[in-house]
């Protein structure tokens, strides 16, 4: 087994940044305020951009620089700004989301990380890339974001969770295959942008219909007669 | 072997003497307990002999069935547990005469106490010496039944009767599981002796079933969560010196049984067994200490702490099994030694604490901590010995509790040798749980010592308490000294435990004690080392030097005594101190989901004159119950009642139904013959 | 033999410079709060004054109250002898490893809490109860820090740990970054600084540590204060030894020891600055928010462990 000491400094830096991205996923689980959630999401995007740039520098794949710039522009700057504007316009800036059983959610998150490590082990053994250890981290980010979506009631928190899933998938692509073809990346980036805009429209519609953004109230399809 | 047989013989002699002595005679009492003490010395001597013997000593007794005599075996493992029994028995026999004096004029005949104590001790010693399943089970049953009568000694209280019934029920559930385990092994090996079982071909399936049965059966007797419910009921109900024996020794006999099964009779452990034992141990440790924190009955609190410490022992055993299955015998030996060291430590300090509680009960007739206080001024010797017990159980250096916990942590730290990454990620979590448990135990014993001995007395009985007599004091002092010795001289103890590890897992711990009696280096000197004698010397030296430099100042200006700080209001009383419940309140709030809590605050106002209502009386009631009782025990009890009712359906009362039963039985038997 | 003498000298240097660190932090805090600061050696004058004063003891207390300061101070001195300050591989550093070091502080805290309950007042009980609760919650986080470090360096002995870090060159490990932060958070909780406890408060109902020493006076109080200052310095030196040990002397010579002393003084001064800034910026937490704070430290430790297992091996 090759230990960390033998890797060059830039590769160590990649692993450090991967760990910090995992940390932001946990921080997302623990955030109760809307602005805090969006800020942590912005930091996650920024760290992802930094990781991509470092991988690009370390392996010499130039197109990853473009990916990094795209991620920084969209995920770290533009989409968070847009979401914050929605928050202010919807007037939910001062709402605090009540997390049921905070400790249990974090323990579930830790269990998911161990589980994703266990699941990714065969892939990690097959890969020869310098970033193979981070594959488990990317899977963990996806699972933690799904956990975020499950444990939240506010529609905006769920959208942030959805974006974080996309972050995880992007990270998985970077560390396992050194990025996707450029066309695919641009397409996904614009899809995400369009999704963000559409979600914004959806928020206003939702609020007009049921007068709140609590998705648990969308239960008209249930069989129970109230 | 003769010395080893002398021990149960002396215990039975004590039983017989108990039948013969008159009720109100001091000499009779001394004779009974004297024989018991001699039995303890014999057990101690025989145990040490067995521990260091080159080959195991075998023997046979002509008791039992005509074609199946009892086989006896004294090898390092039995020797260790036999000496443990003796080590606790001697102080308890010193304590006994003074303590049982109050039963002479009581409602219950003390002869019952003498008789069944002797039988209880004899049963435990024979369990440890047994080399075949038959003798083991007979001795086990003698142990359980004798202790039932001891628990039910003061049967005029309904709570004691209920506790004794629960104890008997669960002891027999456990015994059934152990019997089934022996049955499977005997079936595989073709004989009842342990040698036949060792040689049996054990496939992984059957071996795992035997392990599960052993863990359940011995877990019930040892008090693992979730089958621990009898412990906090039965231990407080028994007289205090019997509680010391039950908590200090009987639980260890259950640990002996488990070690015998998992390490000796079953030849190849599977890593899943280690994880199961580790899981059971961790959960028991944490839940035990959390439940103990909420108790204010002193003996119930100590009983829950026994659950916690048994959990710690099983954590060490689980680690040992895990390392054996992963092919690291040195670390398996370390884990085993850590667990066995904690076994003897717990026997010593738990017996000490129960004897201290017994002394308090004897002199003030109080069991509730909320009525005690300031006893350090009235009972100074008991207080000092109890303080030693509290420091030891909180795992603080340089006393003995710390060494075994440190060894357990050192075993944990070697998990990087395991291959499974998932295990390497989860085991640190168990280690963190163990750290949390240790810290919560320290908090609990600050509460216990602080509320019971320090501060101001909270009730009349306690205000006029007197120190107990010489025998009871000597017993506690003996155990306190042993706690200190086992803590400071850690290296000789580890040397003494090494033969057991060599016998069971095949690895020697020579490197742990290679650097002399001062330094304990479990893995290697550069990895970790601990020197208990130097710790004791360092603290004493540093504190002593500073104290000496102030000698002249102390002579010129002696210490002045004044009233404590009262913010200028004056009139500090005993009611203004923190109660035990108040001390544990932050922990109760933080870990709230663990218990079933009912909290009630009632205000009754004096006069309702317009807007000016003043509350004069505030009632606060707090009930903390065991959540597992509602989740596990009550549903099981309900299910048993339901299935019993279903089974009674065959009793219809009509003659034709009984004729049908006989007819069907005859048909089945005829078919079987063909 | 000469090793033991050097160890004794190092211990004396340690406990002699602990008040200096406390004075330095106080000076920085006053500077940040725009107040006039006392001189850096003011804690020495305070200790000297307290040692000279007579002792008044509450009449409800017992011998434990008078014994406790000596035990607390003795444990602090012993802990100071174990942690390498300017030189490694002195004989005393083999007496205890990091886990035993934590247990020394636990012993001191045990006696401190008992002494608080000895006076029979409500304040003592309150301080003892809160202190034991916070300490219990800080233990798992501290153990995870030690654990994660130990699985990387394969040792819990502090001298060997320093050797491991010095011998490996500059390696950037994600696990170490997490556990360094966790150690800082746990150190703040254990030494009773903001945001867990305010050491300068005079409102009894907000006190945690101060409530336990409310009844002490004279030389007893001096010993306890000195032990506290030593404890703060020990945690600082522990952080330096585990994560940034460059400059420490592993071969004993006058030049090496001087370099080691200068290096550790500079690092402690920097850590003092970090502590002063964090104390000025953050507010003291409510008591029942401290479990969240310590849970966060635990999570950081666990993330460090997971980072080690997932990212650093293989």
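So that you can tell them apart, the chains are marked A, B and C in the order they are listed, and the count of residues begins at 1 in each.
The criterion applied here is as follows: a residue touches a chain if its C-beta (ideal position, glycine included) is under 8 Å from a C-beta of that chain, and two chains touch if they have at least 3 such contacts.
These figures come from a predicted structure and were not determined experimentally.
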Check your understanding: Taking every chain's C-alpha mean, which one sits closest to the mean of all protein C-alpha atoms?
Key -> B
Point to revise | Pair joined by more contacting C-beta pairs (A-B or B-C) | key: B-C
Review point. At what distance in angstrom does the C-alpha mean of chain C lie from that of chain B?
Key: 35
**Study point:** chain A and chain B: spacing of chain centres that average the CA atoms, whole Å
**Key:** 50
Practice item. Would you mind listing the residues of chain B that make contact with two or more other chains? Key: 421, 425
Review point. Which chain C residues sit where two or more other chains touch them?
Key: 302, 306, 309-310, 313
Practice item. Identify all positions of chain A at which a residue touches two or more other chains, and write them in rising order. Key: 114, 117
Revision key, fill the gap. Listed in rising order, chain C residues that touch chain A in their complex are 168-175, 177-178, 292, 295-296, 299-300, 302-303, 306-307, 309-314
Check your understanding: Hey, which residues of chain B end up touching chain A in the complex?
Key -> 421-422, 425-426
Practice item. Using the touch definition up top, name the residues of chain C that touch chain B in the complex. Key: 51, 54-64, 66, 70-71, 73-75, 77-78, 81, 94-97, 99-100, 103-104, 106-107, 109-110, 113-114, 117-126, 128-130, 132-133, 135-144, 147-148, 150-151, 154-157, 160, 204, 214-215, 219, 223, 287-288, 291, 298, 301-302, 305-306, 309-310, 313
Check your understanding: Touching chain B in the complex: which residues of chain A?
Key -> 114, 117-118, 121
Practice item. Using the touch rule from the top, collect the residues of chain B that touch chain C in their complex. Key: 373-374, 376-377, 387, 391, 394-397, 402, 406, 409-410, 412-413, 415-416, 421, 424-425, 428-429, 431-436, 438-440, 442-443, 446-447, 449-451, 454-456, 519, 525-531, 534-535, 538-544, 546-547, 550, 553, 557, 559-567, 572, 574, 576-578, 582-587, 589-590
